[in-house]
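Worksheet: the structure to be examined is printed underneath.
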Amino acid sequence: MYFASDNSSGVPAEVLEALSRANRGFSMPYGADDLMEGVRTSLREIFEAPEASVYLVATGTAANALALACYCPPWAAVYCHRTAHVEEDECNAPEFYTGGAKLVPVDGPDGRMEPERLEAALDAAAPGGVHNTQKGMLTITNTTEAGTVYSPGEVARLAGIARGHGLPVHMDGARFANALVSAGCTPAEMTWKAGVDVLSFGGTKNGLMGVEAVILFDPRKAWEFELRRKRGGHLFSKHRYLSAQMAAYLADDLWLDLAGRANAAAARLSQGIAALEGGELRHPTQANMVFAAFPRAAHLRAREAGAAYYLWPFGQSLDGPAETPLSARLVCSWATTREDIDRFLGLLRG
Amino acid sequence: MYFASDNSSGVPAEVLEALSRANRGFSMPYGADDLMEGVRTSLREIFEAPEASVYLVATGTAANALALACYCPPWAAVYCHRTAHVEEDECNAPEFYTGGAKLVPVDGPDGRMEPERLEAALDAAAPGGVHNTQKGMLTITNTTEAGTVYSPGEVARLAGIARGHGLPVHMDGARFANALVSAGCTPAEMTWKAGVDVLSFGGTKNGLMGVEAVILFDPRKAWEFELRRKRGGHLFSKHRYLSAQMAAYLADDLWLDLAGRANAAAARLSQGIAALEGGELRHPTQANMVFAAFPRAAHLRAREAGAAYYLWPFGQSLDGPAETPLSARLVCSWATTREDIDRFLGLLRG
Amino acid sequence: MYFASDNSSGVPAEVLEALSRANRGFSMPYGADDLMEGVRTSLREIFEAPEASVYLVATGTAANALALACYCPPWAAVYCHRTAHVEEDECNAPEFYTGGAKLVPVDGPDGRMEPERLEAALDAAAPGGVHNTQKGMLTITNTTEAGTVYSPGEVARLAGIARGHGLPVHMDGARFANALVSAGCTPAEMTWKAGVDVLSFGGTKNGLMGVEAVILFDPRKAWEFELRRKRGGHLFSKHRYLSAQMAAYLADDLWLDLAGRANAAAARLSQGIAALEGGELRHPTQANMVFAAFPRAAHLRAREAGAAYYLWPFGQSLDGPAETPLSARLVCSWATTREDIDRFLGLLRG
Amino acid sequence: MYFASDNSSGVPAEVLEALSRANRGFSMPYGADDLMEGVRTSLREIFEAPEASVYLVATGTAANALALACYCPPWAAVYCHRTAHVEEDECNAPEFYTGGAKLVPVDGPDGRMEPERLEAALDAAAPGGVHNTQKGMLTITNTTEAGTVYSPGEVARLAGIARGHGLPVHMDGARFANALVSAGCTPAEMTWKAGVDVLSFGGTKNGLMGVEAVILFDPRKAWEFELRRKRGGHLFSKHRYLSAQMAAYLADDLWLDLAGRANAAAARLSQGIAALEGGELRHPTQANMVFAAFPRAAHLRAREAGAAYYLWPFGQSLDGPAETPLSARLVCSWATTREDIDRFLGLLRG
């Protein structure tokens, strides 16, 4: 009953096997390995983007920060949702990699930026000339940090506003596969066809050990990205071990299969909680995360039995009346089992 | 009738004369001039801070950014009012000098941070460990960007909250003299006695050509400040010309006299507008800036006659019904004359 | 016959098996995994440093740049050998992570800094005050980039000079195991007992997929290191896969065994080349790299048969008289076989 | 007898008068003052560069660092002479403003880069791909730090080498006027006609209080320069006081007149020392600085009588045999008098 984070699961057997296979003999370092050639080809096909540049790094923070740094100058602003990972969970990595850009939060319910607020933020940034932070770029998180999913149309609306101000668009897709499976669209529809210039294509949360792709749909930034990656210490000498994982992830739609499992688990969990007496969803469950409230007593029973998850937001007390609802974040992964979910729901029910 | 900004005025005769006197002969460069010795002594006396380190730079942005960089590490947050100069008017200079710190806006009416909101922002920053922006420091602007003034007690309350979280405190005193004259307290009471560690002590807006002092009440940061100043290109070789201006500013309380004149001008202007039909103050007038609304027709008359000032906020249209009130920012300086104010008020009255 | 780099080899079976074992179940992320606890304990024991702080990152550039950034302020200099990896092969990563420190090359034959030259560089840096780059720290590469090894006494001499100027000392140990096996001393003797404050303890070149430890012998920098690691995007969520590799590396002295194999291979290769007609070593072979010249014709025979290695320095032409000696760098790893070496030597002999 | 530095002199009467005149009334801030319009026009005419962008800052370090940052990315190298001000006297300001570029010293006698060595440094930088510092730009100091002057042909040769590698060229002209008077060419011949893209046009050392122009011959970098200047805290609100000084400097060729006086003083001083028994020039005297050796006893006599200058290099001892020659740097300025020179030479003669 481990719902603390999708980054606490392991990797599927295919990934371990791919590492074993990749381990044979000598291999060209730094991304010149044969496996990377295949990864590049696969991602270009999957995204219907034959010109795209594709790179691998090992952490989502690196993917995001490097992508932002390629598009946002130090004197400009990155517009993001207030709860975005780049704003809340990266210890100023975007500021570091951009050389001091400013992240400007844009609000909206359920982890989604409201187009009107983005428009307002951009209009507010307009008049000041050299004294003010310049408008830099937009970053959209999909799956959002609230477990919701932007549809391609919603992405296109936000990206269109940014582009109307001349700004490029990044998508933080640490949970891109979960969003895609949820939205039921193609990768191209979710990204470049909707106006996205650069994508952090997550693998780690969805079954890899620590591999993320960065896909630059416009390859003119490719060389700059390579220099920034190296200068950030994110270029792997034994790159084949990243390539092998990503190749296994893409083969036979494993990535979509894993995300489908995680999303299905979350749906089951979400429905179970919603059906509880005193159970209530805090955000719609659209991908692999459930945000829900249920009575304190239910929390205590679950925790006593070893369930792991975060109260969300932090700071709610486990001491107090038994019926008071406390909110939690419950994250499913490809490895979450039906048994665990049902056992957990049973505990909640008491 | 020039109310656009206090940085559009000239300097009083004493300053020009001081430059002439300082021009004689050769002088040690880089702050080793004799005049700087006097400035240091004077500011230590004025602030009752015999241990303080005192430095001069030429712009307020430099003073602020260098001061913040000495106290806030790159992975931390600077808490400031949403309208603070460091947040709105320095084109990411604080982010540049700190190496990528994050500015976190804290709201409150009339340009003043609300203590409860500061407390809430700091509490929210508490739990996250290494993933989150760390708590860095507090910066308070006094005179605020809304023309209001924090009393020493209000400064102490905010600084006390910051210090309770282990954070140092900066005061942006670009209009420090105006605040001091308004509050009627001593420089020490407004700063270190209230918990301020480092002060940007403005001279430029109050009658100098481009000189600001940075006063470090705790001298342990002095050498780091010197290195940061040099590395930022803010150490003057012919430093005597900064020293001479600051010496003239401090002599015979000229700085307080100039600020008193500016505040008195603003009070007269404020009272005049408040007495107008359709006139209304947007913020209390406590220093040298007036934020007020008055009918569009009055704006048109004033502008036609050559009055210079900003509509505030930007973006209000001069086209439309004559009676509609439009808001403006009107800044007085030491050089604003009673004649100009009365003429301006006459125009508003029609 | 792959002698291009030690980063082109794979990993031993123990490492793959450790990954498989580590893959079971859920695990705490971000270094809170149980395996990391064991790694920490092991490295503290190996280095006889019970207080040391131990962290894992995935690349040598990250390990070096983060270690330097913890000890060298942006206005200071890092003294390094002219051929050091930090100077020549990291695309300004040290400058990036330190926020703009300057790398000052110090020469010496065979990749080793000459103590007299280090002394001279430090003395030259002394007099300038605030205008000049400040003295920051020393970094020593062991095994050097010329394949030579500093003895503990030589490390202590250089570190002693640095410490005499108040400077901390870093060791870039990307090939630390090779140096240690060569020198026949203890890890403690090679590092903190000789005056080293922080060590990049390499795993990648010696048989891991991409894992380096950073060992801070003085734990006061630990929290800063953690923040810098996160901010650099180098903190792994699924950290257990780094821990597992490092644990396997340390178990049963595997790391020393692997390095011993690589060094023995290089010794055999070196002796073989030295015995050739027209063969000549460019640097003493003390670890796993051979720098040697041999006739152009021998190069052509080896390359035609598929041997992979770099001419060193770059830019020598393969066209020209058959007897002319050309220099090469030949790197052995734990995976280099005696058969490959003998076949290669046979080709050189013609 | 003040020969310590040209930055220890005052300013001529014309500059003080210009400040007085500029002080009247209100003025648009931040470079929108009328005087700046005139400065822009004058410098474009003087440089025969009607498209050039022209900006003012207050220190030479700011001018250099901002200019370099506009042209050199953080992962690249700035090639400069080993004794260049950017390398030796700016406390890593270029590294700060560029975000971590590396300064690569290129040697040559008398403060002048040797073309062959520049070529060699650039060729050495060629082969490495993403791992190595990239080639960024060239900066040439004219007047050099050894008091010598590059002719337009020498500038063109160095700039041509850089441009052949695709690199832009900066000239540090902190003593540009002195170089120009010495070379007897036009400003255009010394700069853009010889391949210079951006010039730091010094005023401070040649008679202003603290004003330098940056001239971008290619205006496409203009907006970036403005943002960098603001973000660095180098945009003056009361800009008119910079403009007024520069306007006075350019009017009636005052700048050339001042430099001519300084050069003539240095020539007289240089000839006097060369004629001494035991006197010897260390570098040719081509502008306003004399590098020369003369007997220790002569130093002692001069110093006892109050002469101020630096032994050069630092670290020579005034204790020892009377006849031993010690080297010194003696800098003349527009304010150096014939009387002082003759008195100084008299003291040396004993």
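Note that the chains are named A, B, C and D in the order they appear, and that numbering of residues resets to 1 at the start of each chain.
Here is the rule we use: contacts are C-beta pairs under 8 Å (C-beta built on N, C-alpha and C of every residue); 3 or more make two chains touch, one makes a residue touch a chain.
Because the structure is predicted, anything quoted here is derived from the model rather than measured.
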Contact-richer chain pair (by C-beta pairs counted) among A-C and B-C: A-C
Chain separated most widely from subunit B, comparing mean CA positions: C
Inter-centroid spacing, subunit D versus subunit C (mean Cα positions, whole Å): 42
Where subunit A and subunit C are represented by their mean Cα positions, the distance between them in whole Å: 34
Distance from subunit C to subunit B - Cα centre to Cα centre, in angstrom: 51
Where subunit D touches two or more other chains at once, by residue number: 74-75, 90-92, 96, 99-100, 130-131, 134, 227, 230-231, 235
Contact footprint of subunit C on subunit B as seen in their complex: 30, 73-75, 99-100, 130-131, 134, 226-228, 230-231, 235
Subunit B - residues contacting subunit D, complex: 2, 4-5, 7-11, 16, 19-20, 22-29, 57-63, 65-66, 90-93, 96-97, 204-205, 209-210, 227, 230-238, 241-242, 308, 335
For the subunit C and subunit D complex, residues of the former touching the latter: 74-76, 88-92, 95-96, 98-103, 127-128, 130-134, 314-315
